[in-house]
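These are the structures in question, set out in turn.
Common to both upcoming complexes is subunit A, partnered first by subunit B, then by subunit C.
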Partner chain A sequence: MQILKPATAGTLESSDLMVTLEPGNGGIELSLTSSVMNQYGRQIKKTVLETLERLEVKDAKVTVVDKGALDCTIKARVECAVFRANDASAENIPWGGVIV
Partner chain B sequence: MSVSQVYQSDKRAMGKIKALLERVDITLDEHLDYTCAVFDEAGEPIATGSAFGPTLRCFAVDPAHQGEGLLNEIITHLMENRLEKGFFHLFVYTKPGSAKFFQDLGFSVIAEVPGFLVFLENRKDGFPGYLKKLEAKKRPGRNAAIVMNANPFTLGHRYLVETAAKENDTVYLFLLSENAGPIPAAIRHRLVREAVADLPNVVCLETGAYLISSATFPGYFLKTEDKILRTQAALDTALFVRIAQALDIQTRYVGSEPRSLVTGIYNEVLSVALPAHGIECRVIPRRELPDGQIISASTVRQAIHDDRLDSVADMLPETTLAFFRSPEASPIVAAIRRETDVVHY
Partner chain C sequence: MIPRPKPERFRLRRTMIFMSSQKPGLIKDAYIYGVDSIMLDLEDAVAENQKDAARFSLYHALKTIDYGDTEVIVRINGLDTPHWKEDIRVCVAGGADGIRIAKCESAQDVKTVEEHVLAAEREFGVEEGRTLLMAALESPKGILNAYEICSASDRMFGVAISGGDFRKCMQTKFTPDGVDMMVARGQMLIAARAAGVQCFDTVFTNLNDEEGYRAEVLQNKAMGFDGKSLINPKQIRLVHELFAPTEKEITQAEKIVRAYREQSAAGVGVFTVDGKMIDIAFIPGAERTLKLARACGLYEGDLV
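Here is the complex of A and B:
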């Protein structure tokens, strides 16, 4: 999926995260801030990148501010931000496909 | 508890927000375009935050409610609101002691006016990235810088650039990026580039969000009281010092300012603060016409406003004059005429 315009999803409240996507300069550029960076930084990064890969996002500037979110939350917030950035309406969301 | 918008017209609620801010020693800014708050059961605000353009400001959390994560809710709300308005690159002003909270929310410090404020942005590579791009343009030798709005470019600007170009190996000419007022930035820049094209050692650059922008220096664009102008000018100077280091700039040239209050204060702050960082600040007296009238872009805008461009023809280089006489300029001229006040305060 292509990042057509900047979009965001999530909040900065505890156990959540805020994902901001912007059109990239060729490739994925991830900036991560997390309240649990030392313990889970690598895992969060992995989940974000895997979700982007599954949605075939190849060119994006990704900013993640994490407040201790669980993996399923991270996945959901990234997916939401991607669909918003792609201008995909509710009907076009591939439920049961790449969104599992 | 949820965050809700507070309308500027709601005098009662705004009064309570002002009181909440004052309890933590913050003055409510006069120029805000969005304010929000969290209210308790009794309808009293317990946390608040505001936005103006790309900047987030005027934060307070009632000391009795600190540690409940209210600031995070306020910031989330303000960020969503700003994104809706099309502002993605966001800035925060806060007291030095509070910077840490914002760093935890993904903001990075750009500069500090010790004892007054810290200025942050919501990306890690923002200012460092801008500096890196500048560094690539660094030239050896004696370097000088001029920052100008050139609204529009006059022979006064030309005189300042020429003076600097004669006394230095390279002059970096920073042009304000912001679209403020009826003359679009792209036109302002084009008129500058055309008018200095014959000076090979002048390099035109853009200020981006980091010098005299509505983020660093909102008072430049909107009437603001002296004390706040001084703090903003000090912040702008702190950013300029970093830029000067990246480009090895030894001297900053400014035109003397007999009329505009804001530019006068800015010059005053620069001439004290820059030498403290080993940068010379050269104030060049304004160029005058033979009849003693000083050349000023405000005077030129006033003349365009009053439909008497010919009366200021001797203040303008051929390039600017030709532009304002061309059909291309007619929508801009019309926009200047619609303005009620075209003189910089």
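Here is the complex of A and C:
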């Protein structure tokens, strides 16, 4: 999927994260801050990048502010932001397809 | 992925706690409280512009988190909103045990939801008939149509009254003795029993009024409710405590069932236990007490 317009998903509450997507400059450019950076920084980054790859997002500026979210929450927020960036988040989501 | 066992239509549901599907901090560990059912909410607890995000969050929670024996129900948005169809798709795809229909007013509402649930079960390859339904009655019309709602589908396991909306429609407010909702609760209970489904009371919203809460739970039990909707984990214990049969009730029920089996084998229909007349009409109640006691971990005998 492409990032057609800027989109965000999530909050800055504990156990959540805020994902912001903007159209990129020919690649994935990830900026990550996390309250658990030292312990889980690499894991969070991996989950974010895997989710983007699964959704075939290849060109985006991605800003993630994490507040100790579980992997399942990271996936949910990244996916929601990508679908929002396509105005496609409201219905006919491919549950069990690319959303797994 | 966590495979959930096939939902049971009739199981112990003393407590059902609301949790916003939009709040990861809440839904990630909702199973630790020992509540019978959790109600992940897509409706009022989720702001209008976050309905989409709540579904993504719900889907992954359903697929990832092991809720164990805790039943997982999802409250979907009302049929007068643009959200409910996608709500049903995500519930079924994620494998929720059941769906709570908000603001249900007629058998047709139940049938409409059932139709979309069946379509979603086919779309996502989920066993047909797996997803259970319950209805929230929130308006005078819902209460008046309670029986047709309760008996509208084989998937229906129960109904709950929703006090906030109901009082708003009736132009009343909360009263400590429950007189504001007495008739509605009673009518819903009669309808539920007539249709053979379970019946749940509304939430008690003043977390600081412990005495008032206890009084309402006791009244719920006396009226014959199966359980209560809750808003806070600290409300769980009292319901489990007060809904559990007492030791005396358990002993009495055991005596009645045992005596009935012996007497009826000997051809006797009516007899006395501890000076009280007993006939077949008492048996289902006694057996239910023992089943409830077993479910609460208070009975280990072999009569039920």
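Here are some notes:
Simple rule for what comes next: the second predicted complex is superposed on the first by the 98 of 100 C-alpha atoms of A that agree within 3 Å, B and C clash if a C-alpha of one lies under 4 Å from a C-alpha of the other, contacts with A are read in each partner's own complex, and residues count from 1 in each chain.
Keep in mind that, in the parts below, contacts are C-beta pairs under 8 Å (C-beta built on N, C-alpha and C of every residue); 3 or more make two chains touch, one makes a residue touch a chain.
The structure displayed is predicted, hence computed values, not measured ones.
Partners subunit B and subunit C fit side by side in the overlay (superposition on subunit A).
Touched residues of subunit A, counted separately for subunit B and subunit C, are more numerous for C. In the superposed pair of complexes, A:S14 makes contact with subunit B and with subunit C alike. In the superposed model, the vertex angle subunit B-subunit A-subunit C (Cα centres) comes to 120 degrees (nearest 10). When the two complexes are overlaid on their common chain A, residue A:S31 makes contact with subunit B while staying clear of subunit C. In the superposed model, A:P6 makes contact with subunit B only, not with subunit C. In the superposed model, A:V65 lies in contact with subunit B only, and not with subunit C. Once the two complexes are laid over each other on the shared chain, residue contacts for A:A76 go to subunit C alone; subunit B is not touched.
The superposed arrangement places subunit B and subunit C with a least CA-CA distance of 10 Å.
Under the contact criterion defined above, the residues of subunit A that touch both subunit B in one complex and subunit C in the other are 13-14. Contacts from subunit C toward subunit A in the complex involve residues 23-25, 28, 51-53, 55-57, 59-61, 63-65, 82, 85-86, 89-90, 93-94, 124. Residue ranges of subunit A in contact with subunit B, taken from their complex: 6-8, 11-14, 18, 20, 22, 31, 33, 35, 63, 65, 67. Against subunit C, in their complex, subunit A makes its touches with residues 9-10, 13-16, 69-73, 75-77, 79-80, 83-84, 89-93, 95-96, 99-100. By the touch criterion stated above, subunit B contacts subunit A in their complex at residues 69, 72-73, 75-76, 79-80, 83, 88, 104-106, 122-125.
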